[in-house]
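Each structure below is given as structure tokens.
Shared between the two complexes below is chain A, which pairs with chain B and chain C, respectively.
Right after this comes the complex of A and B.
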């Protein structure tokens, strides 16, 4: 009897989980469905069965040139992630393995910058970018994306490095390893999973970032976020084309996320369970 | 060679003084055990010798060379950690080979030395495994293997057996002692277990609150403890320490008598006692008794002794084995 009840509970819980998952995923699903409709179908109201036309995709590519935006997105997300790792690895390293009196305060301060509304610094940043000629520049935007994600990257790596037992590093030192060899032969191989998880998450964050990427670019450096927003244009809203553009923008990151979900879950939960 | 000399070595963390100043000479080839309760500074002292902690003051000499400011790698010491500290991403062979690789040895030499170490430590069949696939005892052997391939001037062991179960601890204790006889290299071994100290050491250093209480061979410490701390720490079961009238009778503030140095009778004796818990171990019986006018005592009796809870027995301490301590806690002349 008890077993039957527990099976029943399990079925209800599974069904509830599926419903919640579908609800969360539905906007993305409906975007994909709409992208395969004609503009006329799209404005006719709720309909889960599209005609299957690909005219929106063809129009979107012909009008706006998807690949240029796509390449910018790849450049910005990967570039800003590499830059962030170059800064964050030594920072997290020193905080994890030789913490000072203020380490905890510095970490909290770094995180607190993420609590500030971005719009509060829009003007100063915009003016700095304008005066230094970084507006609509991929390098400028890459630095910006690196800076806004840096606190999270440092925190994640710090949490991960703290899991590496200090005695292993001491053993390497006793075994005659110089600092460089200690990093190359012992620390780096042990930290690879953590660095990989951080990298994946940061790529996603940078890929999806829309506030700065739309405001600091016009044509040259514009990534896929700007590509989507260009479809809510003065000519009016074209739902099918907008959906096709959105699908094209989220597809790469969705596919990457799907293949690396194990790493991502590990990345999001490490430090949570000892 | 492995002569290690500490001259007034001091260690403080901020305003907290861990080791107020230690002088110690360790001769080449000796097996020295640092023993003491938790927090007495024994591991810190070992880490100072290893170079994993900076000394606040004083000097450390290894083979006549001042190494106080030198990096751990340059001190030619090898260390075995409590947690084994194996490299989890490397195979057993690579773990053992790591110090040789760091020293820039050629591959043929590395292979030969790894095979030799594996043979000595019974690890030949496990060379391709990772540490995660080994038992605790095997991991400890890998850690020892990694230490011996370097042929260091001294080995440092930081409570290496405390993560093992009792049976394995006994076996590993013998293996490390055997290894010392084979290699004849200086070994410094940190433990809080006085049984390990007594059974393995040539010389025991008893530490308490960062100070050396006594240095000597196991039997010296057992027979002539310099003070109450050493008397109470060395020996298992612990020495009985008695204050009050029975001590005053012997002209001391405290007298100490080991559980094995009391004569037991069912008819007459100096102290009348009631048996509480009797632990029958087969070879011995440990009696926890309440002696009239003396207090609680532990007595080690023959394994065949049939004493039970509530029995009355009479105890007579062996006068020649009685330890007398003054009001300052130091041993008095016998």
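Right after this comes the complex of A and C.
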């Protein structure tokens, strides 16, 4: 079993790992620090100790109406995820429990739709959205995000469902459980963790999606990705404000992300690495 | 065991996903293909391959292909090599491993526009950025990253976003390596380097393949990072294929040409997808 590790080895490894980790994390850390500076401080050279003012956070809401974009992000990411789950759960379920001759091909084909580059369909989608009045509407964008992530959702659910032993179903059936009872008492408890993981990862992906959310919105339905992008046009040096907006935009998803490391590996490698 | 009834139930349950994805894939793509053979603005009509000819003879086209390949190639190289090294480091016994992992994985969760703007303004800005501060501290001249090396700057930003992904996947794979095997190799007197080459690397090869393929799919369509930093410029110096198609379609309204470019993007993605599917498909058979 575990062999004794020399303290020296551990010290060196720890120091190296921490230095690298802090370097990688530095841009995020510095953004958080800058968000607590005044605009004056923010451009006065390198400084890790802010004065602690929250004026930028207040300004982001007062001048830019941050909260509306935040609500849109929540609505779009959660909404599209729930929609995707509603469509994907039955599909993944049937593929995992009564696989047919074509199951594997269907799964592969679904995955292939994920690989279609967005720009290739940018203009048709734009036209369809414009002509149906879906441009800059939350519903339209929600459907869009649902479609984009549907393959990943089906796949993730499928890899989770497949691990539920089929014998348990048969045992329940032998004991005379109806299909409904079978689902509620036997399958649901075993499926919930997989569904929750899928949901978590998918919310993260939808929250950070930065092509359609920017191109298909203007003001009404614009989420945080579009809001932050609007800071790219030169409008003076509002770095403390940009930092505050950025911190607010990434904080919720960063925290969710920390809890979803395992699901991330599984979901984004389509079960190939666990 | 599956009766006729359960089988038709299964088909019924699968139908919504399949139909939705099918429509989503076929309809817009058919439009794009149609537009790519049409004169869209002035008079509607079939124009054969002239959109393709126009798009491909545009000097920006060759540049955008080279830029696309440069972004994909460089970022893959940085993230795979860096990811292997980082995974090896994080696999060591260290104090505070949980926190270190969290710090390393974090950039992946930062939305692309935030990542790009933070790097552009706070790190790489020639006047007020941290790099400029460091350069001045050592008495050097700050570099105007986005003016002089726009593509390199974008590659750095994108690599920063994807290094955590590669590290996390490779670390997961590394940790599934049988420790008894490792110890056996050690007892046989295999040094660190030979252990790495003959044991660790072959074990990770599958994860490395997956990292390369999945990243390639996303890296082929880098968009927001370019939009908020250089806007493709100066000139076409940092324009990749998706960005060129976007410019043609929504800024210049040259729909035919944009569609021709889009079709090329599909072909490029399909070449990658072909290999990706084989790698993932192998896993399904297990």
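Quick notes on this structure:
Assume the second predicted complex is superposed on the first by the 241 of 274 C-alpha atoms of A that agree within 3 Å, B and C clash if a C-alpha of one lies under 4 Å from a C-alpha of the other, contacts with A are read in each partner's own complex, and residues count from 1 in each chain.
By definition in this document, a residue touches a chain if its C-beta (ideal position, glycine included) is under 8 Å from a C-beta of that chain, and two chains touch if they have at least 3 such contacts.
No experiment lies behind these values; they were computed from the predicted model shown.
When the two complexes are overlaid on their common chain A, residue A:176 makes contact with chain B while staying clear of chain C. Of the two partner chains, neither chain B nor chain C is touched by A:78. In the superposition on chain A, the chain among chain B and chain C reaching more residues of chain A is C.
Touch criterion met: A:20 reaches chain C, while chain B stays clear of it. Shared-chain residue A:210: touches chain C; no touch with chain B.
Using the contact criterion defined above for the overlaid structures, shared-chain residue A:32 touches neither chain B nor chain C, since it reaches no partner. Once the two complexes are overlaid on the shared chain, A:104 sits against chain C while remaining clear of chain B.
Once chain A of one complex is fitted onto chain A of the other, the partner contacts of A:185 are limited to chain B, with no touch recorded for chain C. Once the two complexes are laid over each other on the shared chain, residue contacts for A:117 go to chain C alone; chain B is not touched. On chain A, the surface patch touched by chain B in one complex and by chain C in the other comprises residues 170. The part of chain C that touches chain A in the complex is made up of residues 1-2, 6-7, 9-11, 13-14, 16-18, 20-21, 24-25, 27-29, 31-32, 35, 86, 89-90, 92-97, 99-123, 128, 130, 133-134, 160, 163-165, 168-169, 172-173, 176, 183, 206-207, 210, 214, 217, 220-221, 223-224, 227-229, 241-242, 245-246, 249-250, 255, 258-259, 261-263, 265-266, 268-270, 272-273, 276-277, 279-281, 283-284. Those residues of chain B that touch chain A in the shared complex are 50, 52, 71-73, 77-79, 81-83, 85-89, 98-99, 102-103, 146, 150. Taken in their complex, chain A has these residues touching chain C: 3, 5, 9-10, 13-14, 16-18, 20-22, 24-25, 27-28, 30-31, 34, 42-43, 45-46, 87-88, 90-91, 93-95, 97-98, 100, 104, 106-108, 110-128, 147, 150-151, 154, 170, 204, 207-208, 210-211, 214-215, 224-225, 228-229, 231-232, 237, 239, 242-243, 246, 249-250, 253-254, 256-258, 261-262, 264-265, 268-274. Touching chain B in their complex are the following residues of chain A: 165, 167-168, 170-178, 181, 185-186, 189-190.
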